[in-house]
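Okay, so here's the structure we're looking at.
Labels run A, B and C following the written order; every chain starts at residue 1.
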Amino acid sequence: MRKVVKLEGIPLTEGHSGLYLEVEDGIVERGIYYALVPVRGFETLLLGKDSRVAPTITTRICGLCQVTHAIASVRAIEDAAGIEVPPEAEKLREVLGLAVRVYNNLLHQIIISEDLFPEKKEQLGFIREVQEVRKFAGMVLETIGGEIIHSPNVKVGGISEPLEEFVKDKILCRLSDILLKLQASFSLFREKLDDLWKREGLDEEFGKHNLSFFATDPYYGKKIDFERFSFVLPQEILEAGLKRRASNLFPVIDGKPFETGPRARAVLFRGYKPKGGVKELHLLRAQENLDALKRIGEILESGRFDGELWNRKTPSSDGETLGIGVHEAPRGTNVHAVKIDKSGKIIYYKIVVPTEINFFAVSEALRGVPATKVEFIVRAYDPCIVCAAH
Amino acid sequence: MVGLNRRFLIGDFRGAFVVEGKGKNPIESIFRLMIKHKFIDGLLTCSKTGDSPKLILKSDEVELPSRNTCFGVNSLLKRAIQKYRFSRLAVYAPACTFDGLNKTQYFGIGCNWTKTAISLKVGFLCPGLLTENGFTAEVSDITGKPGKVERFYFDRGELFYLLEDGSSVKVSPSIHHHYINSACRYCLNMAAKGTDITCVSLKEEDKVLFIVRSERGWSTLAHLQKVSPGEVLFRKADGELLTSVENFLREKILLNIADIVERVELGLPVPKWNDNKLRKFYRIWNSVDVNFEEEVF
Amino acid sequence: MFYRDRLSFEEEDFKLKVGFLHFSSCSGCQVAFLDMFEEAVEILDTVELVYSNMLTKRRDIPRMDVAFVEGALCVEDPHHINLLREVGKKAKVIVAIGGCAAFGGVRRLSCGNQLPQPQSQTFVPVTEVEFLRTKVKYAIPGCPPNPSLLYSFLLALLEVNEDFLLPFELMTSSTKASGFDIISEVVNKGFCVGCGTCSTACPTRAISFNRECGKPSFNSNLCVHCGSCLAACPQSFKPYPQPVYV
């Protein structure tokens, strides 16, 4: 029997989103995943504003992976205005990005912990352990970025505050301890994930799709050609009622849907052979935490960051050059594109966030899974709906 | 009615001492020792001239504002606590800075986890703050020519400035009241009641009156004497000294109260979200039997 | 306080039922709760979290004692209108948490005209909604509020510490906030003592300190209308009696 199922509000995910499913005998034949939180208009509200305030505003797109928007935003403006950034500032930005990766990925583990731990007591115990690592990531964000959520120190031209050696040492001396904690919680996570898969009767290939992967860098982000993006409107592909409510665009790259995120980074930069299925996505995301922490240590040990890290040149451009800023966010490639005029005002702004790119990936992954289990697919992608409907 | 007694003017305290620093400023010596012996990990205050807030990390860099100007101290709170991650911070500033600090501690507003990061609050008896231009105008008013103020101190219940040229000028409360920062004209807490210790600078540069208020202030000083005896000498302050401080405060606060009364009677505005402490004070000031102890202004 | 009505007979079993709801927000305020780190776990253990799409599996909104609401209401969004009705019905007390919910926050800048739903352009903080007037008891400033503020607030709520809560009650009556408050409400009124607390409180560093004058200096470009600065200023409200931490 064929029927259409519409789910609204996916518990244990960020934001308000929905699923449109065409189900045949309990199996999803076709599904579309979309955002339902209202568009806030970050692309339009920036028009006419001084480009130097963009990071302050764009970081407020999202409270989960805040700094990634600030970073993508400043990189786009620097690209448009040809501003040189001190290399140490770029390194610290990378550290901030990695800290938020850990901070956010572990938040995701907390969010889905109700799935993993049927016992409330065990769940709280797990959260407590994960929180310790998050606290460390929060400390990195706070000392280098200025605040845990919405870092004010990420500026066009660099980082506004140098990192004194003794502060850096405070971070470094806790790092190995935290790594051990993270390893322990990773093992527990893996174990509980296996249990969940067993409990729910899911197989290893649950949620497999054939899309290609998209990422620009294992850690930080490399400039890409913005022309490769085009956007499908929800009005083009959704049915009547949803047309007027779905609030995200569906970006495609070279006309094709892609998956971005931890698995994409693993496949493209670490030679990982994907098994398909969403379980490995959970594990690869958790693996990235460990890699990120190690990388933070490497970067901080590689040099000094206590000099001037901020090129205060006033941004100015010709109004034509499209500046592109890319950052590898926890969920995948985050791209901001900007044009600014001679006086430094923003005259064009466009944001493509990873969750947007992954809407089609989630939709593809839904194909062929039991309609009762679709939420596990969505959760595995850790969608950030507020970002998607920026 | 509020009695302008010692309790209201100076506030509660456990003991008062004249502290001698053997030729050096004893408060500076104490902070130096505290940093050296790791009682504190940083000192938040202003530069010597008082014109910029400063976070001091090393004992040989300790220098405190010597004039009655000390603005913007709390603007470095986030750097101290959120960035440098200090957990045993000492603060040296006038009372109102501690109002801000106590508030961030109590409510948690403004800076993350300030509550657990401060280990000593040292306030100074504050006759009202001036900007650089304020000093120039005030000194010119008194002496007829501009002069640079080096330090302020109290002697026998009067406020004095020591000028750069070595001369001392007596500053009458009414002239001072004219030139100080506006908010200081409504101040009811010049003796820094919400602190661990209040310091009163005295004529001799190496002597300071310590009014020790809290258990924490008391034990810190005791502990310090144990680890380095003889660096600073404590002598119990005599009643006369305290009375003279009290007299100064009384004279100045009467001017403040007159301004508050006028302000309330004219219905001049107060900030939003304010619970209107001035009107509260006005009511208490004019009533017979309200017990002021419930309110600390 | 009224959510404690039931307390009279079942003192021991009383667990405050709290929920998180969000309108147009970045979710940062909800995440800030978790940024109390270990303390967040204790709180999760002490109160009963009955609703949060991020942390519970519930789809429908149950009755609750306190609803923490973040974000501004998007008038064009039918889901928000429903949510508004629901929360008005289901919550005994609403706490507007963060600049967006309390004073409009960064949503004050929105102007619509963005695909795919260009009509989304009207955003109002929940404190401005007449329908919730009697329910919105407290507003918490910040973008996001400090975890330590949220922690102290929750404790005060559990202990019904009226002294602590009063200023947050006052804040619900002012639906606007910005760094200009510091100038108009404090400096212009002759109350600025020059302590610098506002400058440290600003999450965007929009307030610097003018050393010459000993006063804060406000750069409106960077302001996200969160209300932290005035809330932190010792001349807005103060804790009474003054606490001494020993």
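Note that contacts are C-beta pairs under 8 Å (C-beta built on N, C-alpha and C of every residue); 3 or more make two chains touch, one makes a residue touch a chain.
Predicted, not measured: the structure shown is a model, and the values here were computed from it.
Viewed as a network of touching protein chains, the structure reduces to a complete graph with every chain in contact with every other. Relative to the centroid of all protein Cα atoms, the closest per-chain Cα centroid is that of C.
Distance between chain centres (mean CA atoms), chain A to chain B: 49 Å. Between chain A and chain C, the centres computed from C-alpha atoms are 26 Å apart.
A straight line joining the Cα centres of chain B and chain C is 33 Å long.
Contact of a single residue of chain B with at least two other chains is seen at positions 78, 112.
Across the assembly, chain A contributes residues 146-148 that each touch 2 or more other chains. Multi-chain contact residues of chain C, defined as those touching 2 or more other chains: 147.
Across the complex, chain C is touched by residues 9-16, 36-45, 49-50, 52-53, 56-57, 60-64, 66, 107, 110-111, 114, 124, 127-128, 131-132, 134-135, 138, 146-150, 152, 160, 231, 233-235, 244-249, 386 of chain A. If you check the complex, the residues on chain C that touch chain B are 141-142, 145-153, 164, 166-167, 170-171, 174, 181, 185-186, 189-197, 199-201, 209, 211-215, 228, 230-246.
Within the complex formed with chain A, the residues of chain B that make contact are 78-79, 82-85, 112.
On the side of chain B, the complex with chain C involves touching residues 51-53, 69, 71-78, 93-94, 96-97, 99-115, 118, 129, 131-132, 181-187, 193-196, 213-216, 268-275, 277, 294-296.
Residues 22, 24-32, 34-35, 37-38, 40-41, 44-45, 53-59, 74, 76-80, 105-107, 109-118, 120-121, 123, 143-144, 147, 203-205, 221-222, 224 of chain C are the ones touching chain A in the complex.
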